[in-house]
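Letters A, B, C, D, E and F name the chains as they come in the text, with residue numbers starting at 1 for each one.
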Amino acid sequence: MTKANMKTNENGLTKKDLFRANWRWLWSSQLAWNYEKMMATGYFYTVLPFLKRWYHDDELVDMMKMQDQFFNTNAFVGGFIIGMDLAIEEKKGSAAKNTVAGIKTGLMGPLAGVGDTIFGVIISTIFGSIGAYMGLKGNPVGAFLWILVDLIVLFARFSFLPMGYYQGAKLIDSAQGKLNAVTDAAILLGVTVVGALIPTVITAKVPFVFRSGKVTLKAQSMLDQIMPSLVPVLLVLFVYWLLGKKKMTSTKIILLVMILGIVLSYFHILGA
Amino acid sequence: MQWWQILLLTALAFWMVIDPLTLVLINNPLAIGMISGLIMGNLKIGLAVGSTLQLMVLGVGTYGGASMPDFMTGAIIGTVYAVLTGKGTQFAIGLAVPVGLLMVQLDVLARFTNTIFQHRVDRFISNNEPKKAARNVLYGVFPWGLSRALPVFIMLLVGNHVVKAILAVIPTWLTTGLKVSGGILPVVGIAILLRYLPTKKFFSYLLIGFLASAYLKVPMMGVALMGAAMAFIYYKNELKSANYALAGQQQEKEEYENDKGEYEN
Amino acid sequence: MQWWQILLLTALAFWMVIDPLTLVLINNPLAIGMISGLIMGNLKIGLAVGSTLQLMVLGVGTYGGASMPDFMTGAIIGTVYAVLTGKGTQFAIGLAVPVGLLMVQLDVLARFTNTIFQHRVDRFISNNEPKKAARNVLYGVFPWGLSRALPVFIMLLVGNHVVKAILAVIPTWLTTGLKVSGGILPVVGIAILLRYLPTKKFFSYLLIGFLASAYLKVPMMGVALMGAAMAFIYYKNELKSANYALAGQQQEKEEYENDKGEYEN
Amino acid sequence: MTKANMKTNENGLTKKDLFRANWRWLWSSQLAWNYEKMMATGYFYTVLPFLKRWYHDDELVDMMKMQDQFFNTNAFVGGFIIGMDLAIEEKKGSAAKNTVAGIKTGLMGPLAGVGDTIFGVIISTIFGSIGAYMGLKGNPVGAFLWILVDLIVLFARFSFLPMGYYQGAKLIDSAQGKLNAVTDAAILLGVTVVGALIPTVITAKVPFVFRSGKVTLKAQSMLDQIMPSLVPVLLVLFVYWLLGKKKMTSTKIILLVMILGIVLSYFHILGA
Amino acid sequence: MQWWQILLLTALAFWMVIDPLTLVLINNPLAIGMISGLIMGNLKIGLAVGSTLQLMVLGVGTYGGASMPDFMTGAIIGTVYAVLTGKGTQFAIGLAVPVGLLMVQLDVLARFTNTIFQHRVDRFISNNEPKKAARNVLYGVFPWGLSRALPVFIMLLVGNHVVKAILAVIPTWLTTGLKVSGGILPVVGIAILLRYLPTKKFFSYLLIGFLASAYLKVPMMGVALMGAAMAFIYYKNELKSANYALAGQQQEKEEYENDKGEYEN
Amino acid sequence: MTKANMKTNENGLTKKDLFRANWRWLWSSQLAWNYEKMMATGYFYTVLPFLKRWYHDDELVDMMKMQDQFFNTNAFVGGFIIGMDLAIEEKKGSAAKNTVAGIKTGLMGPLAGVGDTIFGVIISTIFGSIGAYMGLKGNPVGAFLWILVDLIVLFARFSFLPMGYYQGAKLIDSAQGKLNAVTDAAILLGVTVVGALIPTVITAKVPFVFRSGKVTLKAQSMLDQIMPSLVPVLLVLFVYWLLGKKKMTSTKIILLVMILGIVLSYFHILGA
């Protein structure tokens, strides 16, 4: 690590800078969403103006690459991470590359979990049911109410990025050891949530039922006796292993998984 | 059906898939049904169709990149043909549901097509051409938007009989299969994540998160809180170890008395 | 009704609130109903009233300073007027239950009034007057005792019609409201505790205890055992760190071989 | 810390001392119970004779203050803590002030949980139901049986304080580092139990139900989807924050919470 | 009944208790019933008896040294007398079940008798006579084998009336009692294990395992996975402490950067 | 520890050696199973040829004693432990005595849990129900199918021991500190599983029910309120304490527990 990239970016970010970052995140986060790196491009697009301001030449390429890595979170609250990132990079520059990568990967999972629950499930359950039942009677008030709530939420979203920025700034002022510890702790949290994602997000049941006279043996309950969510776990292991193979691209894997799903479903080995 | 109606509805179809990715204002069958109703000059039927479909997807979301039945497209088609044929909500739903189920595939297609732009972005970054890279991020709007605008446009042109005929032709093994595929596709994202994260170092916590969810059925918020508790313990330990390593026991002792100091508040 | 009966019952009311705070011998509606019955010369009705009330509060306790329906007072009033009017157990319960619910408020009042003595104790301690401080601790007996003795005394004097009339006058929103207040009042004790404990240092464990109870419904004993397990792990770690800091690795090594030695037993 | 208060109190406690302490605890623990410091005065009253024996002047005031801090546990088993305290103070004097404060706060919660369960719930469930059902048939034997059991329990209570004393004495003889570790471990245990107290002890439900045609939306189950016991948690956070305000006394807070309860109940926002 | 049938069935009884200890091929009432049927020349009744008994012990196993109803012996006796008397499956089951329940005791006896050989092995090891020790291990085959072969042989000789008479004589308090004993006997193995393991050092984990199973009903596989997660955390910590103790912070730092390096893959 | 027993056993084990070990384990593991040391003799018998090859005189006696200690696991998968043991002893000789003892005790519990589930419960539930229902219709195919599966399992069992051997060998090549850490981790895992064994394996219910009029008080549910599996825990504590007594042999304890069971069952205090 050369001394050059240890310099701090003196010019502090203005409120306008933070607003602009939020604005970019709002529009771009999922625009080029794809199975390979999910929100990576959205994140990249959001921080690009700052990268260009702070880095040049090889350093810039280096940092752009890092910011174009796999990223996926709930878009509503994801700005928090960007805020932290900006605060850290502003002070530490590219020296904090690993720290930023760690915090991104660590926090994206937990924020996805929490954000999806609150902004995905809860709000749409509440206002969806109110609106639908009013709508069934021909009353559009419920539908408009929901749009109103959505507007309020949209407004609220602009607070997460600055929140992250100030948390990040506070963190930066403490010792380096602390920053490393926070990064590791964030990753720990992230890994924990990913563990819980496996049985939650992947739906794969084995519908096979053995029937003979009065006896019915359900394959799925046999598997559950060994371990709940055994099939999702095996699928994860399988794809994880595939990813390690040479010449395997994630595109190929996505296609393969799709075909696998159709074939296994055809033979009644897997069901949704 | 007027040409401006077709145009407006197609535009609606384009926007309604961009909306949940960006502003999130009319991200639901209810609103789409209502707006389609307005466009078709029959708010009541639009509301009825949208509401009925809404109740089928209450709280169902596209988490972790999973796709869900596209009942927003269903709401447009259902409302339009219910108004045109005058056959009522029941008929609309019968049309909207298979359309929605079929459209999941186009959602998958859009998410998949964007991989092309991802690869271009990757390349331009390597070549230090940030402007081109940025532009390609925005191109993502087309696969998304067209994935709904095009089929809606076509379905409005060809008429409901043709739509029904096409729906009837698709074999169930394929639709079921695609549904199963959709259920297991998030596996790819998770596996990539695991490759990307320092999974080995924190394998225990992966396991703990899994166990909490699979065995104890703790919902995601609970797991996140649990993870936060463990992260905080880890953090404290790291700081302590660092202290030991750096300054020996002295610093530690001070910290200890500080802690005790709190009792006297 | 004889004057000595009123006197005895008032004394009983005084003691029965001190009893659960001290000796815990007749800390229940059953015993109080029975004794009231004895005093009124009709053991059977006393038992019946006490037993019925007892079944309503089985295992319900005043934990963490929460108040519960005061069915001991209810048992006295119910038994007395059941004997006097000869209207039987059913009538007694109809009287006892609202009385009991109302008396919760006086429990809250007593617990609240004692704050005065607390402040006096605090002051005398600061002034190094331990004797006066000690005396003020004992004064706590009066708010407690009178909180039940006085109302019972009055209710016995005025007669059951007046009691009923008063009960009828109190609006339900107030009684419900007071019940809700009673349910959330322990929040104060817990918050004070959290301020007092080194909560920040052990925040993770606060969270873990909460999660175990809220999500996994582990009862208190289980949480305490879990806490004990974690406390023991923490303790071992602290000792080990101390060892490292003090004597370097040497001491550690010895300990290790000691541990291994156990295998050979 | 002056060298003076490092001296140990040589004169060991006699069995009579321990009995007397237990006696005082029995009578005083809850006599001046109040929402502000709960059993603090009872604890203070119990150990006062020993404080007077061991300390003088400023040191005495100092230790009296410490022993008059917030304390709350199950009175049946709380003597255990007093026993430990006495053993430690006997040997270490006021030098152990922080240790004693730590052990008190740490152990009170767990002992409350366990004591309340066994002496509160279990015994009264068993003998309450036996007694009540015999009573309903006009048979007073069950009621007397319960009183008998209570007498036995009363007798048994005298063993907890000495038990604590001997545990404390054992602890004292080990190294100082060990004592600190035990204190911290006790606090950890205490904090864990307090965490579990929040959903257990605070009862606050939101009874609001939205009804429209066939649809019923229960506010409480919406809240539960975000997090079980969300309302109790928010209440704790609110009061915790209040306590940090200047000019806020716990008396004011208690009154405020009572009024809050009545008002929120009036508007059907909270229910018990 | 032919002498060779008795011989074959006795041999079967001998092997069928060795089988689950070694090869595990016909370790179930179903197979034993079928083979007995073959020997008696009536496969169908054998299958029927074996199948019925099999359904009574589905998935029940002898875990941790617990004994279970010996329905393999029951299958032999039941099948034989069903064929001989021609009274059908129902009659066979009525005989097989009490026989099976009774035979648990002989299982316990066999497991108990082997203690003798254990002691001999212990002694020969002390005397450095490995060959004799090894031989005594193999002698274990006799208590096991005879525990079933002998009673089956006798029951086949004496006839079903005598068997029934004997079964009737045994008091239920004894059979119930022996069943209860069987249920709590594993306590000995666990207690020995706890003495043998460094339980004190890892007491917290004992508690955690217990809590997970007793309070949260996590099945054994889940507990093992949870234990693995905690073991891995412990392992990482040990290594880290060792690093600190050995080489100070230097080594640690390197490791840290290595870990980070993974992000760049 | 003398320098002599630090020598490594140069002559690496052949595939034939491993096969032979597996063969001995297959036949002997449970042949002299007894309540005192369970599978100890089986383990001893399995590794004896190797002990004789590697050690002599006092060292041999010493190692034979260690290998004759309490051992209990699921026989199907237990070979894994033997494999690890052989790899370690092969390289480290009797110097690794404590390590081997630790790994044995640590891994036997978890392997028992997992092995019993898969090879005990799952397989016999699946093929037991298939076979039984076919059998009830007079069709022996299901019974034969089960035997076929058993043969396959028998074949598969031969892979666990070599698997353990190679894992062990890998472990050995790392630093000594790592080996110690692995041993401790294995024991931790073992102890955790033993904790879960208590409520799982010991079946002891208190059937006593108090009945009076309409009221029924179940003793067991009262006990459950204090703690689930309270009786098993108390039994373990009791026997653990007994084992510490002088002159107490495990044989005596087994007899005592049997009599206890019968007597307590007679008085309806315990039920299965």
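Just so it is clear, contacts are C-beta pairs under 8 Å (C-beta built on N, C-alpha and C of every residue); 3 or more make two chains touch, one makes a residue touch a chain.
Keep in mind that this is a model prediction, so the values were computed, not measured.
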| item | value |
| --- | --- |
| Reaching subunit D from subunit A through chains that touch each other, fewest steps | 1 |
| C-alpha-based rotation, subunit C on subunit E, 0 to 180 degrees, nearest 5 | 120 |
| Mean-CA-position distance for subunit F and subunit A (Å) | 44 |
| Whole-Å gap separating subunit A and subunit E, where each centre is the average of the chain's CA atoms | 49 |
| Interchain centroid distance [CA atoms averaged], subunit B/subunit E, Å | 51 |
| Centroid distance [mean C-alpha coordinates] between subunit D and subunit C, Å | 11 |
| Subunit C residues counted as touching two or more neighbouring chains | 195-196, 198, 203, 205, 207-208, 211, 214-216, 218-219, 221-222, 225-226, 228, 230, 232, 244, 246, 263 |
| Interface hub residues of subunit F, defined as touching at least two other chains | 105, 117, 121-122, 125, 129, 132-134, 136, 180, 225-227 |
| In contact (per the touch rule at the top): chain pairs | A-B, A-D, A-E, A-F, B-C, B-D, B-E, C-D, C-E, C-F, D-F, E-F |
| In the complex with subunit E, residue positions of subunit A that touch it | 69, 98, 101-102, 105, 180, 225-227 |
| Subunit B residues within the subunit E interface of the complex | 195-196, 198, 201, 203-205, 207-208, 211, 215-216, 241, 244-246 |
| Of all residues in subunit C, those that touch subunit F in their complex | 219, 221-222, 225, 256, 260, 263-264 |
| Subunit F contact footprint on subunit E (complex, rising order) | 18, 21-28, 30-31, 33-34, 43-44, 47-48, 50-52, 54-55, 57-59, 61, 63-66, 108, 111-115, 117-118, 121-122, 125-126, 128, 130, 133-134, 136-141, 144, 173-174, 176-199, 202-203, 205-215, 218-221, 223-224, 226-228, 230-232, 234-235, 238-239, 242, 246 |
| Interfacial residue positions of subunit F with respect to subunit D in the complex | 210, 212-215, 217, 222, 225-226 |
